[in-house]
Every structure is written in structure tokens, then in C-alpha cells.
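Everything below concerns the one structure shown next.
Going by the order they are written in, the chains are A, B, C and D; count residues from 1 in each one.
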Amino acid sequence: MRRTIQKVLIANRGEIALRVIRACREMGLRTVAVYSDADRAALHVLHADEAYCLGPALASESYLRGDLILDIALQSGADAIHPGYGFLSENAEFAEACAAAGIIFIGPPASAMRVLGSKTKARQAADAAAMPRVPGSVTGLTSTQEALRVAAEIGYPVMLKAAAGGGGKGMRAVSAPEDLAAAYVAASSEAERSFGSGEVYLEKLIERPRHIEIQLMADEHGGCLYLGERECSVQRRHQKVIEEAPSAVVGEDLRRRMGEAAVRLALSAGYVNAGTVEFLVDSAENFYFLEMNTRLQVEHPVTELVTGLDLVQMQIRVAMGEPLAMKQEQVRLRGHAIECRIYAEDPDNNFFPSPGLITRLVRPGGPGIREDCGVYAGWTVPLEYDPMLSKLVAFAQTREMAIDRMLRALGEYAIGGIKTNIGLFRRILQDADFRAARIDTGYLERLLAGAAPVEEATVPEDVVALAAALLTSLGTERPPAANDSAPASKWAAAGRQEELRP
Amino acid sequence: MRRTIQKVLIANRGEIALRVIRACREMGLRTVAVYSDADRAALHVLHADEAYCLGPALASESYLRGDLILDIALQSGADAIHPGYGFLSENAEFAEACAAAGIIFIGPPASAMRVLGSKTKARQAADAAAMPRVPGSVTGLTSTQEALRVAAEIGYPVMLKAAAGGGGKGMRAVSAPEDLAAAYVAASSEAERSFGSGEVYLEKLIERPRHIEIQLMADEHGGCLYLGERECSVQRRHQKVIEEAPSAVVGEDLRRRMGEAAVRLALSAGYVNAGTVEFLVDSAENFYFLEMNTRLQVEHPVTELVTGLDLVQMQIRVAMGEPLAMKQEQVRLRGHAIECRIYAEDPDNNFFPSPGLITRLVRPGGPGIREDCGVYAGWTVPLEYDPMLSKLVAFAQTREMAIDRMLRALGEYAIGGIKTNIGLFRRILQDADFRAARIDTGYLERLLAGAAPVEEATVPEDVVALAAALLTSLGTERPPAANDSAPASKWAAAGRQEELRP
Amino acid sequence: MTVWLEVEGKKRRVELPSSVLDGAMECIVDGKLIAANARMLQPGIMSLVIEGRQYRCVLDGDSVLIDGRRFAFEVNDPRSLQGRRSAGRGAAGPRAVKAPMPGRVVRVLTVVGDEVAEQQGVIVIEAMKMQNELKSPKAGKVVRVAVAVGDTVGAGDVLVVVE
Amino acid sequence: MTVWLEVEGKKRRVELPSSVLDGAMECIVDGKLIAANARMLQPGIMSLVIEGRQYRCVLDGDSVLIDGRRFAFEVNDPRSLQGRRSAGRGAAGPRAVKAPMPGRVVRVLTVVGDEVAEQQGVIVIEAMKMQNELKSPKAGKVVRVAVAVGDTVGAGDVLVVVE
């Protein structure tokens, strides 16, 4: 059944809120932004048709206040809510509340979220869908004793994981029985703190696995497409740092097998809209179901670039009740895309977060470069939220060309006032193992454990000293432009006056 | 035979020089920029590995000084020169001088340039290659008498064109014999002034033609690909304003026939490297050879987006003597791309050029947006050169989505201090005829002749007044940010100090 | 603090809080009270929220871009008898043809004493590789031709005067 | 005009023309003459050309980015006995553990009187959804713990002092 959507409330902030607003603009839909006190000057507010304040900066008092957001949706006459990622995006209660209020939640139905959102329930569904998964406990562990028994059955090393978890919170690797008890308690309490549920399960630890995920898009008429895979093995503290599509190790056959398995799982749970099934893939190309993310992912742009599709616009059309406009055999991958997550953090100092005022922003451009940027020069990166500033994506014919294109773009990029991880990406993209696609989920930690390579000195020391002296002496004022041709400087003067008028 | 290229001199300025520099960067090649006195602070200088001054702003004393440029290439040890478009790009003597000096000219051999660069010679070649062309004189006209005779043969209306011309200079449409003499003299003298040659020819005027061109890439081993077409019918004063790929009226069969004809012509002249064959296409899908451009075109990005290829990198590999890496059947078009040429000109005031200081630049971004931008905030657009500031390109699954995406991006774009034609694009992209692809080379002039449509008022007058009052009162200083959360403003302060240090 | 404006040709009177800070504020536009929330993101770039509606406002010389649409305005000093825009208006009296941008004179199409029609081309100047014909603002007699072919002219320079 | 710098840990002395304009200039770096052509495009963004080689230089706080590579530097006042960077260096004397960024204290791993090893974790603060363990700069005895769990701290605040 078709529903019309004319106004969309975006229950999120930062680059993803702007991403959704742009999609709505292009579809001719009105947009409603919500913001916390820390975000009045945020870009997602500036680009929306309407904007309403939620409250204090703390997420629990603003972006997690589903009740407030629903009120605003009703008062502003929005007929749909897009949750983005994080915050309320995987909150089944919120999805239900929307439905109850007659507001379209642009995402899966609460029922499917409940089944596939909980790791333990999802593993049961995976078994039912005859999907290979890592051996281990299906249900949450009730005691250290049970943990020891299960671990003994499947053999060490094993991994403890939070049932409600994500992003590495509540995870512990255990290589011997004597360490299990302590790890179990630690993981469970961390899970309790992070997700409000201490439920923890246990599975066999796969050695040097790759993290590869399948993007799905399902309509409410039983149609479900797999839109190729993403390679997300470059991680730090279980957080993705670089994502690519396609994966260098996934061929036609493996892609089809993983994709069809993912579709089976989604259909078995009555899944609708965008979703991602995450797998571990070992060196023998065995793939194991890891978990399903029942939302749009941060890294969706790499899939958009290799498929030529717009996932957010597809999400909205599916939410309107439209059937998918294409068949699986029409999904074609072309070229290679790489995404770097630009964070406000200091790689030279233990990756400490680096919030604060952005004093300068020089963005890259040109062929094959897409940027989903949530900040600007003059913006103060708040302390309260995820430190991601921007997603820089490079697309080219081959993986090597995409890597070199990304290096070119990173060289053009300059963010002043705060520390960022741009330098880290230059190091990774120049690393022989990464360029040879010899990566697994432990790759980055190993790289960082090693000493940083000394780039050959392309800039003489004297030049560095002179540049530093000139930049500090010339200061931040643009000095009289001696070389300007006469008319140009006349115009310059005119321009300056104009800038100062009236 | 293979030649290695390690350092490339870019004999151009503005966005195309930067475009070529970026391609070289990505291929690991060193770059040498040249600049006039007006361009010391230009972006193409800032991004090059080496930079040398040519002389005064006037092109004839700088970017057209092939002798100087060749000297710089030799002294700096560049082994190749990329001419971009305009300036020396179609100068056969310069290409020969490069060859004589042992410098690779990244473009066609002088011989092919001579044959295909002159419109009259190219028309003879087209006839030899059995290529349909507009009926008319093959050689330049020697007298008014001859003009009258040829016109009488082919019938009015006719078009006079400069043999060495381009960009509409030296062109005159004539609908009756009594106007021919005057038009002939005018066209010939204008051609003399513009190109140093008064040679003019005459051909039948096609009613409401589309301007559609085929992109070619040929290697020196006899390989030649056609990379689809570009629709360039939206023109003003015979200057392209918007380009698209593919054309809404070109189907598989027409594309193949035009492509194969273009390839035949190129091979017949021993053509190598990138080139474009321009056609007029009438409402009955007849296509007529117009001319060949023996260089990279301004609008090459739309072809890159729908083919997934990098034409500049291909140019360089071809110049290294490599064979083309793909076959014609591997060339696949996907999606739709539209390019807007952002000019420093005032559409509300007779399109007068608007050079001067750019006081503000807010660039669009996000999904499907590519920008090849040659300017920045603080740059003074010189009076001496082409007024193009930037090429904004939108790519999407369908033509309609690409148009709406471009409208979204144009809405985000803000250039302060000078006038631009951004508003004109918003008008065209919202026009029913353009959206229905009912366009021909006269489309834009007709649109401009009509009254501008009154967009329905989405912004209340009171809001405009208030916004204007606030912006002028708050002035250009960022006032104390009352809403900033405490730590944020602390950081803001820190950031400001840092900006002012030492 | 009161600001007199002429927006799209209409005179407007806007009263702002004495000390304009960004954030919530009450303003009066031609006597109508408006509760606004304004926030300057960068010099000349402002987010303006009124009753939930958000407007992206960008200052650009003598106009303001709001949600991508351009609105011309000027600030009027109420003590002056007329706004700048209307200075020297009306068909009466001598009118000057001024250079709209820097350039070079390539053709002079009139001489002193000529009778010219309104919108008749009087001079052609070239800038940025384009030739631009400047037209007479009114019908009348050419009383002055200030430049010759080849001259370089600056923006605003008087080229021809028609009486 | 003379500028004393410490670049990547090395002391440098740079002499610039008395009135620094951009364009061609002669400079002296540690006694070596360098003919340079510098052009500031935007505040903190400079094109520097030396013997044909062009360097894209971007000022970023306490470092300069040149062709995308970062070089740390600081300006030293020669009259001061030591550069800022070296202030409070050396293993001798009390050393403070300072907050590298604003955040909230989530765990305190030490109490006054503890003997701690160098690089031993002493406190954990959370910012931007990440927990960060701060380590002792030296081996010694904890003489002060300035904060408690739940406190909000600002960048640079002293948290713990090790003697």
C-alpha cells in the first residue's frame, strides 16, 4: 500500500543528518531538523526547512529523547522520521511509538528489529536460515560455569560479546580457561554500563578474520536485493576506520553466496528497508554470520559509488510503500570506492579526542572525490558527540587508482584548530600490506604497534624553517598583494568595501 | 614504442591546469606549473611541484608564449607538456616544436591537428571518410560572388563560418541573398581579427539542430574508442553553458552510428590521443559532421562520470605509448551526468563579465557532486582570461535525478563579491522544456528572450527585510556565541588565540 | 536600534534589540512583532529561525541569498532625501553611460552631436574575451564621448553622456 | 627582522626583510641566503617558491603542513632561557598529569601516596564517547589527586601530580 511522504523529520545530527536532508531536497520533500543546545549552529540545521531545539547537549537529554522528537514531528506535520545511524536508529520501542502515532519510521518494522537487533536472537534466526556462523553459545550466558563449559566445548581462543552490544563495547578475547572468569565479569559489567543489559555470549575466536558486510535493501512486497559487499577490516578498538567496496578478496561466487545468505536471513525475519549483514571471512574464504545492523550504515557511500544507486532515496521510496525498481541481476558493480572517516582525534597522542573550534577548513575536490562533511570553518566541534567530522570518499576504476586518488585528496585537505587523523590515513594508504589488500581486523593495531615509517624528506629543513618563519611573521592578515595587476587590485578594494558595507 | 613520463609541464591555468595536476599526482608524476603575473596566487600554482613565471598577464605575453614554455620545460627537465584546452592546445606549430625539442606533447600529432583542426580540411577528410555533413562549400570562399553562387545552390537559410574559427566568432546566419554580401564581409573581418585568417565558408542552416558530440580516445597502435556522446545544445552566443551525458535523444543505434563515423574520421587522419567530433543532429535523427576538436574538452567530466574512466590519465598513458587498456564493447555507460559552467558574469545585466575579488565561497558537496573549481575565497578573478570559475557536475541514476541533484547543489553554492550565472542555471533546470529535453542550439536564447518566471514566494517579505537588517547589523564579525556550551566556548577562545599566535 | 531598508524596491523599517547578539530576539518589522532566533555561522552566513521555519541567509554585496533565492536590498539613511538606488533616476537631465566592469574600448559607435535612441548601442568594450555593447539609457543628444578605441577603462568610468 | 624557531626539535634562526611583503624576497636561514618568492593566498595558506620548487604551506596551530606533510615548530623568544616546549621537562621534580581535552572523569586509578611506575595508568577520562587512560609521566609517588569520578575537566587542567 502506497503512502505519500511530503515532510521528513531527521532525528539525527552531523553529516548523516545533512546527507538525509540532501536526499529529501532532491526528492522535493520538506525537511525538519532537530538540534541540541550545542548544535544551534550545526550544518544540518542550516540546511533544513524547519528546525526545533530538543534541549541540553547531552544526547540523553536531546537526540535520544524519542518522546520529544515524536511531539515535534506531530506538531510540525512531518509524516515520516529518518533516524540516521546511532541514537534512535535501532530502537524498536521508538519505531513502534512512531507507528502508533501514525508517523512513518524510515527503517525496518519493530518486529524485525527485535529479532535481528539482538545478537542472540539474530544468531537463532541465522541458524534457522541455515546460515554459517561462528560456533558458540546461541543464548546469553547465565554464569561463569556455563561460560567455561561452552568454551571447553568449542575450544580456545574464544571471544566474549555483549548481546545488545556493538562497537567493541563489552567484548573480551580469552585464550585460556583461567582468564575466562575475570573476562566474563568485566565484559558483562561493561555491557551493563554501555547498553543497560549485561547479557553476554561466547563464540570461537576466528584467527585474522576479515570483516566483510553485505548491504541489503528490502521492500514490503517481499523483494530484497543485495547490493554487493563492503570490506571493513581496517579497524581500531573495533571501530571501522577505512571501508572499501568491493572487497579485494570477494569474487563473483563468494559475493553471490554471501548475498543470498543475507537475503534469506532478512526475508525470514520479514525485514524491510536498508540493512547490513556483517560476516567474518577467514583465509579459506569461509564466511561466518556476525550480526545484522538494522539501519543505514556510516559507510553506505562506498556502496552508492560502485552501484550507482542512492540508498537514502531508495529507503524513502521503500518507506512510501513502493516496490524496488530493479531486479538483482540489474545490480552491477563498477570501479572501486574507499572511504576515510575523518575524526577529531590526535593519532600522535593516543588518539585522544580533539574537540574545539575549527579555524580553517580547506576541502579537497576534483575527479572521483565525494565528501559528506558535517563541519565548517568557524564551527566548534562539541565535546558531547561522536568525533567524526567528515567522510571522504574516493572512487576510481581500480583499487590502486582509488588509493592514489585518496592520497591526492588527503594531501589537499587541511583542517586547522583541532587535531585530526588525516595523517594516519596517509600512513595506512602508503603501507605495502594495505596496498596489497593483506588486511584483517587486527591489521591496524599491528601497524600502529610498529614504528611509523620515516617518509623520505621531500622538504628541505631550511624550507620548513623559512615557511614557519614567514607564516608566523606574515601573520593571518593577507598582506598588500604586490603582484596583483592594477584593475585586479582596484576590484580587490571594491570587493573589500562591499564586504564591509553599508 | 614506450616512453616514460616522470615530469609534466602544464601549459595552462585555472581549473583545467589543476585537473591535469591532480591526474599527475595520482599517477605519481611530478608537475610543473607556469603562470602569468596575474596568476601568482592561482590554485594551479599552489598545487604544483614547480612553478615558473611566464610574464605579463596578457595571454599573448604569457600562456601563448610557446617558446618560453618550451624553454621552461627543458630547463626544469619536464619530459611532457599537457596543453589543457584553449591557448596552445590546438597549435600544430607548438606540437611540432615540442617534438623537435624531444618533449612529448600530450595530444595528437601535428599532422593530424593540421588536417582536422582546419574546418575546411576537416570537411574534406569527412567526405573522404564518407561522413554525412551539412551541405555547403568545402573550401573557403574567395568572393561575395562565390558565396552567392554556393548559397543559391544549397538554398537559404545559410550559415557563414570562419575556417579557423570556433566559439561562434566569425559566424553569421543569412536568410536571404540581399543580406549575404554584408554578412560575408562582417564574418570575414571578424574572423581576421579573431584568428588571423579571414577564410570563411558557407553551409546550409539546419533548423533547430541539437549540438551532440562524440568523445574519442585513440592510441598510436591503431586503437580508437568512442566513449559515448555529450549533449551540448544549451548554448549562449555559441558558447556551451550546460553539457550532459548521455543525450536524451541518442539511443544505442544512433550512438553506434555516430561513434563509428567519428572513429573512421580519426583513423583516416592518423589521429592519436583524446579528441571530440561535433555533430548537428536534426529532429529526424540525421546527424551532420560539424567539426573536430583536437584536444581535451571543457566538458570532459560528464563523460568520465558515465563511463567511469579518467580521460586525463588515459591521455597520459597514450602519450607514453601504451595501447588502450580496453575494447569498445567494454565501454559501458551508466547513469546521467550534467555539468554547469559557473562563470563570473551577470545574467541580470546583459551577461557582463564580473571580474574581481571573491569575498566568500561556499562550495556544495555530498552524494553525486563533483566540482572542478579553480578559485577560492580571497582570489581575485583576473580581467584578462576566460570568466569560468568552476565546473559543477551532478551525477545520478537518471536525468531527472541528476537535474534535481544539481538544483540542490546550486542552492548550497554561494559565491560572494562578484556576480555569477548560478541563478541562470536554477532557471534553466526548472524550465519545463529543459526538463523534458526539448532543447536545441537556439533553446537558451529563446528562454532568455522570454520573461523570467516569478518563482512562487517561499520567503515572506518580512523575513527578507529582517534577514537583511540582521546581516548588515551583525556585520561581518562573528558575535559572541551565546548558545555555545561552556567547554565549546572555552575551546573557541583557545582556537582564536591559536589563530593569532605567536 | 532601527534599520531602514529598501528591499526589492520596497521601503522597510526594521527595529532590532539595542545590542544585537545572536540567539533568540524580538524584532519589529514595519510595526509587526517577530520572535526570531538568529545565529551567525560565518561572517555573512546566518541561520534564521522564525516559528520553526529555518532560513539559510547569505549576505552577498547588495543582495541576500535566502534558501538559494536572491533578494536585492540596500540600507537607506532616512535623513537622505532618496535611496542610493534612485540617485540620478528619471529620464530628465543628462545621463551617463558607465563601464559596468574594467575592460578595453574596442569600438565607439557614436560622436558628439549624434541623436541616439534609448537602448541604441553607443560603445563596445571588451573584457574577459567577450565584447559587450553598451546602450544609451535614454533618447537624446550625445554631449560627451570620454574615451577612444584602445583605451582601458575601469568599472564605473563615464564613457558617454547623453543629454 | 629575525625569527628564532625550534623546528622538529632543532633550533633555527631566520632573518626576513624588515618589512615582509609577499612576492620576491631574500631571506637568511642560519646564515644561508635563500631567494624566495612567497605569496599568502588566505590567512595561513602560503605558496612558497624557491628555485622553481613550489611548496604549499598551511599554518596549523603549532605546526606547518607542507605538501601535505606535518612539521611541528614553535617560535622561541631568545631572551627566555628555554622554549615553551621544554618547560617543566626532565625527570627531576614534580610532574603533573594534565587533561589533554575536555571531558569527564570516569575512573581514578590511584590515591595520594601510591608509588607509580612511568607510563602506569592513573586516571581515565571520557570524551566524545571514548574512554582514555592517562598515564604517569614518570616513576614516583602520587602527591596530589585533584579530581574525583564524575568531575568535568577542561583541557590542561591538572588531574594528578607525581613527585
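The working rule: contacts are C-beta pairs under 8 Å (C-beta built on N, C-alpha and C of every residue); 3 or more make two chains touch, one makes a residue touch a chain.
For clarity, every value in this text was computed on a predicted model and none was experimentally measured.
Remark: among chain pairs A-C and A-D, A-D carries the greater number of C-beta contacts.
Matched by residue number, over half of the contacts between the chains of B-C recur in the interface of A-D, chosen from B-D, A-D or A-C. Averaged Cα coordinates give chain A a centre that lies 37 Å from the centre of chain B. The distance from the centre of chain C to the centre of chain D, each centre being the mean of the chain's C-alpha atoms, comes to 49 Å.
Distance between chain A and chain D, defined via averaged C-alpha coordinates, is recorded as 31 Å. Annotation for chain D: residues 23, 39, 42-45, 61, 75, 102 touch two or more other chains. Annotation for chain A: residues 40-41, 47, 355, 360, 378, 383-384, 411-412, 416-417, 472, 475-476, 478, 481, 483, 487, 491, 494, 498-499, 501-502 touch two or more other chains.
By the touch criterion stated above, chain D contacts chain B in their complex at residues 23, 37, 39, 41-45, 47, 49, 52-54, 56, 61-62, 74-75, 102, 152, 154-155.
Chain B makes touch with chain A in their complex at residues 18-19, 22-23, 25-28, 37-38, 40-41, 47, 57, 301, 304, 308-310, 312-313, 332, 334-335, 355-359, 363, 365-373, 378, 380, 382-384, 396-397, 401, 404-405, 407-408, 411-412, 416-418, 472, 475-476, 478, 481, 483-485, 487-489, 491-492, 494-496, 498-502.
Within the complex, the chain C residues that touch chain B are 1, 3, 5, 7-8, 10, 12, 14, 16, 20-23, 27, 29-30, 32, 34, 36, 38-40, 42-46, 48, 50, 55, 57-61, 64-71, 73, 75, 100-103, 127-130, 132. The residues of chain A lying in touch with chain C in their complex are 33, 40-41, 45-52, 76, 376-379, 487, 490-491, 494, 498-499, 501-502.
Residues 344-346, 349-355, 360, 362, 383-387, 410-412, 414-417, 423, 426, 455, 458-459, 461-483 of chain A are the ones that touch chain D when the two sit in their complex.
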